[in-house]
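Next come two complexes, and both contain subunit A; in the first it sits with subunit B, in the second with subunit C.
What follows is the complex of A and B.
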C-alpha cells in the first residue's frame, strides 16, 4: 500500500461506488486532492495557508484503516469523564450506537443521510478535499426553531493506525440553542481528519467546546465552516492538549447584522508536539463582533501556530473585531509562530490584534517558592493562572471544570 | 538561632554585602537599620535564596541548618519567611488557594497531614478576623488591585498562617499609615515566643515604637557598623546615619 496522497487516492479508487452520497462531489474532491496533494507533502508546491505547518509526517506515515475494532475503545471511553448528557460516540470513524446515549431528537447519521453541506471548499482546502473524498460517517445535529437542545457530547475515539474522516453538520434554526462538547482521544498512530459544517440561524446560540486529547503519536486535523445569521452567536472554545501534530482551522462567516463569533483557544504542548490554530473570520454584515483569545503554553521543543485572518467587507460597518495571541514559553527550544491578518474594506470599524510572548516571571516564581511551594508546583500554578483567562471564556461551570481537570491531568502526565 | 558569619554577596560583578556578621538568638527580634543602598534588602533576599544574588563567601545557619545550601522552598520549610518590600502580584491565582498551597507544601515537608479547603478556610478566616482584614482578601487574586497597605497586610496574613520561626521583614513599614503600621507590628508581636526570631529591616524608627526590638544593628556599605539596644534607633532618628558612617570611616 502506498503512503501519502497516492495511498489515499488508491483507497478512494478501491472504494468507488461503495461510498455514501453524491459521487460527483466526491470525484471532484478527489481531483482537487490529486492536484494539491498533502500540504508540505512530497510535492514541492508551497501553500501559503500551510506556511507554518507541514504534513510531511502525515505523507510519510502508513495508515491501515481496515483493522478490526479494538477493545481499547472502551478503556479510552471510560477515562473520558463524560458529562451527564447525551453522547454520540464514534470509534475509529464509525458510529457506535451501543456506546452512545442518543439525544431524544434531531440526530441523523452521515452514513444513512450523507450531507456534505454548502459551505466547505474542497477545491481550496486539501484536507477538506481528502475528507470529502473518503468521508463515511459523522453526525448531523439539527435543533428546531426556538428549542433548547442542552448539551450534546460528540466523542471520537480512535485506535491503531487508521485514518478517519468524519463529516459532521450542526444546524440551529431560528432562536434555537445548543451546547456541543466535542471530545477526541485515542491510542495509536492514527489520523483524524474531521470536517464540520455549522449553521446558526437568526437569534440562535451555539456553544461549541472542543477538547482535543488525542494520543501523542496521532495526527488531528479539524476544519470547521460556520455561517452565523442575524443576531446569532457561535461561541467556541478549543483546548488542544494531545496529538503529535494538530491543526484546528475555523472559517466563520458573519452574514447577518449583529452576529457574534468567539473563537477562543488554549494549546498546551510539550516534547515535539505541533499545534496550529488557524481562523478566518468574515465580517459580511454590519454591527457584528468577533473575539479571539488564543493562549499557548509551550514546553520542550514544541511549536505553536496561530494564524488569524479578519476580513471586513465594505458593507460591514460598525464591525468590532478583536484578536489576541499569547504564548508562554517554558523552554528555550519552544517556538510560537503568529500571523494576524486584517483585510478591511469598511471605514467605520474597530479591529484590534495583539501578540505577546514571554517566559515565566522570575519574580512571581521566587515569591511562590519563598512561601514553601516547590518549583514544579509553582510553575504549574503560574501556567494555570496564564490559562485562567482563556478558560474563563467557558461560561458553563461544569464544562469549565472538566477542561480544568484535563489541564491538571496533562500536568500530572508531564511529572510522571 | 540565626547565625550569619562573614557573609559577602554580589549582584553581577557588584559586591553589595561585604562581610556581615550577625546572630539572632531564638525568641529575639532584631532590627536592621541603614541608609539607602546599604544592602538591607540584599540581606533579606540572600537569606531567602533569591537567584539574582551570588554569595561569594561566609555562612548562614538557622537552627544549625546551612540555609545557603537550600532552595527557596526548602528554606521556607525550615521556618524562614521573607515579607516582601514590594509584594508580587499573581493575576489568575486566588489568594486562598495560594495560601493553602503554601501551607500544605510546608506541612508536607514536615510530614504533617494537609488541610482540606474547609479546614483551611476556617483557619484563614480566624486569622483575617484577628488581623482586622476583610474576608474578601481571601477571595481576590494574590495582591492584584491591592493598595500598598493591603499588600503589606497580605504579607502579614501569610505570616500569620504559615507561622514561621524566622520572619524577615523587608521594609514592610514603607508607605504605611499608622493604622497599617500597627497591624504589621501586631502581626509580628503575635508570633513572639521562645522559638520565634525576627529580623526587621527598616528605614525609620517609627515601626520600632510598636515592634520593640531586643537589638538594633546599623548596616551601611555592606557591613554592620554598630549594634546596640532599642535606644540606638532613637539616636539614629535624631542624628541620622551620616555622622555614624563618618565616625566609622
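What follows is the complex of A and C.
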C-alpha cells in the first residue's frame, strides 16, 4: 500500500462511484489534491500558509482504515465526561447511533444527505481537497429561525491506524442560537481530517467550543469555514491538548454589517507535540468586530504555531479588529512561531495585534516558592493563571469547568 | 596613509578636472551592449581594474543568479523585468539629461523650492548636464564647492585613519580588507537581487573605521554632495573595528531624477567588539507620476552583522520615494549583549508600493533589538511592513520590542503588517505591538480651528506620528525629513 498523497488518491480511485454526493466535486478535489500533494510532503514547493507546519510525517505514515468494530471506542467515550446534553458520536469517522443521544430536531447525516456547502476551497487548501475527496460521513445541524437549540455535543472517537475525513455543516437561521461542543479523542496512530462549514444568519448566535484531546500518536487536522451575516455572532474557543501533530484552521468571513467573531484558543503541549492554530478573519462588511486571544504553553520539545490574518476590505469601514497572542516557553527545547498579519484596505478602522513570548516570570516564581510552594506546584499555578484569561472567554460555566478539568488532567499526566 | 592620499587624489581628479568627461566616458563604455552575460561581467571587472579573485567572485554570483527565481512573496506588483534589456555597464545618464532648468519638470522644481534646496543644487539634482553652455557657471560652481568641502573632509578623515572611498577603489587599494569582508554578511547567493548586484555592481562606498576610532564626522554630508554618483547597482561595505564608531547617511531628501528604473543595491555592515554603526537613509527616488507611470524599482538588500560583544548597529530609514520599495535592513546579532535597532518611516502616495521591514536574528546571549516602524499610506498606494524576529536557542536572555503602526489617509490605499516571530529560547522575551488607524477627525478639527490649512494640519499630525523615528535621524536631516513628509503627502487630503 502506498503512503502519502498517492496512497490517498489510490483509495479514492478504489472507492470511486461508491462515495455519496456530487462526484464531479470529488473528482475536481482529487485533481486539486493530486496537483498540490501534502504540504511539506514529497513535493518540494513551499506553501506560505504551511510555513511552520510540515505534513511530512503524515505523508510518511501508513493509514489503513479497517472496518472491524473496536471495543476501545466505549472505553474512550466513558472517559470523556460528556455533558448532560444531546451528543452525536462518530467512531472512526462513522456515526454511531447506538452511542448517541440525538437532538430532538435539525439533525441530518452526511452519509444520507451529503452537503459539501459553499464556502470551502478544495482548490486552495490541500487538506480540504483531501477531505472533499474522501468524506463519507458527518453531521449536519440546522437550527430554524428564532429557535434556541441549547447545547449539542459533537464527539469524535478514533482508534487504530485509519484516516477519517468527517464533513460537518452547522446552519443557524435568523435569530437562532446554539452551543456546539466538539470533543475529539482516541487511541492509536490515526489521522482525523475534519472540514466544518458554518452559516450564522442575521442576528443568530453560535458558540463553538472545541476540545482536542487526541492520542499523542495521532494527527488532527481541522478546517472550519464560517460565514457570519448581519448582526450575527460566531463565538469560538479551541483547546488543543493532544495529538502528535495538529492544525486547527479557521476561515471566518464577516459578510453583514455589525457581525461579530471571536476565535480564541489555548494550546498546551509537551513532548514532541506540534500544534498549529491558523486563522483568517475577513471583514467584508462595515462595523464588524473580531476578537482573538490565543495562548500557547509549551513544554518539552514541543512546538506551537499561531498564524492569524485579519483582512479588511475597502467596504469594511468602522472595523474593530483585535488580536492577542501570548506564548509561555517552559522548556529550553520548546519553540513558538507566530505570524499575526494585518491586511487593511479601509481607512476608518481600528485594528491592532499584540504578541509576547517568554518564560514564567522569575519574580512570580520566587514569590510562590518563598511561601513554601514546591516548584512544580508553583509552575502549575502560574501556568493556570496564564491560561485563565483565555479560558475566561468561555461564558458557559459548565463548559468552562469541563475545559478546566481537561487542563487539570493534562497536568496530572505530566507529573506521572 | 598612502592609500588615503590616493583616495583623495582620485576623488579630486574625478570631481575637479575630469568630471564632465569622467573616467567612465570612454567610447567602449558608452556603447556597452544591453544584456547580461559573462562577457559583460568580465568587461565591468576589467574596466574597474579588479584583481582576478573579484572577477571570480562576480562570476560565482552570476552563476548562482542564473539558477535563482525572482522572489514573488512581497506585496508588490509590477510588469516582468527583462534583465537582458538593461545596460549593466554604460554611462548614458548625462546625455539624456535636460539642458537647463527650463527643461526640467516644473513639478520637480516646485518641490525643490518647498524643500528649501539652494538653486545650484537644484540643477544638479534635476540631472541638468553640467556640460551645456547655458548652465556651465552654475554647475561648475557647485562642483567646485563640493570639491573644496570634500578636500577638507578628506584631510580630517585621513588624520584619524578612516578609509572612505569608492568601493572599486577599495578593491584595488585595500584588496585584503575587501576580500575578507565582502559577501560575508550578504552571501553572493543570498537572494535574487543580491546575487544580481554581486555580479554587476559598479558603484558604492567602502568605509573602514580602525580600532578605537570615533569617526570625526558624520559621513553623511560628504556623501550628499557625491549623491550624483550613486549608481544603479550600488555596493556598500562598512567595517567598524573594535571600539570604533561611525554614523553614515545615505541618500538625500531632494527628489532625484534617474534614468535607471531598476536599482538593486547591497549594503553590508560589520561591527566588532564595542563598535557602533549608525546607518541612516533618506530615500526619495522618483516615485512615478500621479497615475503610477514610471518611477524607480528599488530592490535593496541591507544587512548588518554585530559580530563583536556589545556591538551595536542601528538602521534608520525614511522612505518616501520609488515606485516600488523592497527593502529589509536587518541585523544578525552574534555578539553577546549586541544591539540591533530599526527605525523606519515609509510613506506611499499615489500608486507607490512599499514592502519594507527588518529581520532581527538573535544568536548572542543578552542581545537586544528594537523595531519601530511607521507606515503611512495615501492615494492608491500599498504599504507593507514585513519583519522577522528570531530567537535562536543560544540567545539566552535576549530581548526584542517591536512596534508597527500604520496610518491610512484616504479609502483607496492599503496598509499591511506581516511580522514573523520565532522563539526557541524560553529566557528570550519578545514583545510585539501593531496598530492601524487613520487621522482622527477631531485631531484635524483641532488644528484647523487654530488656523492651520488642511495640508499643514496633516503634515503636523503625520510628523507627530513619526516622531519616534525622526528623532533618530542626524539633526540636519531630521529637519529636512519633516518637510519631506509633508511634501510627499501633498494632495492626499481634501
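Rule of thumb we're sticking to: the second predicted complex is superposed on the first by the 415 of 416 C-alpha atoms of A that agree within 3 Å, B and C clash if a C-alpha of one lies under 4 Å from a C-alpha of the other, contacts with A are read in each partner's own complex, and residues count from 1 in each chain.
Simple rule for what comes next: contacts are C-beta pairs under 8 Å (C-beta built on N, C-alpha and C of every residue); 3 or more make two chains touch, one makes a residue touch a chain.
Just so it is clear, the structure is predicted and the values come from calculations on it, not from any experiment.
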item	value
Three-chain arrangement built on subunit A, subunit B and subunit C clash or fit	fit
Centroid geometry (CA): angle subunit B/subunit A/subunit C, rounded to a multiple of 10 degrees	80
Touched partner set for A:366, first subunit B, second subunit C, both or neither	first
Touching partner for A:327 - first (subunit B), second (subunit C), both, neither	second
Contacts of A:336 with subunit B and subunit C, given as first, second, both or neither	second
Which of subunit B and subunit C A:317 touches, first, second, both or neither	second
Which of subunit B and subunit C A:381 touches, first, second, both or neither	first
Contacts of A:389 with subunit B and subunit C, given as first, second, both or neither	first
Which partner reaches more residues of subunit A (counting touched residues only), subunit B or subunit C	C
Subunit B versus subunit C as contact partner of A:48, first or second or both or neither	second
Nearest-approach distance, in Å, of subunit C Cα atoms to those of subunit B in the combined model	15
Subunit A-facing residues of subunit B, complex	48-52, 71-73, 75-77, 81-82, 84, 87-88, 90-93, 98, 101-103, 105-106, 109, 158, 162
Residues of subunit C that touch subunit A when the two form their complex	73, 391, 393, 406, 408-438
Contacting residues of subunit A [partner subunit B, same complex]	361-364, 366-375, 377-378, 381-382, 384-389
Subunit A residues touching subunit C - in the complex, by the definition given at the top	48, 314, 317, 327, 329-359
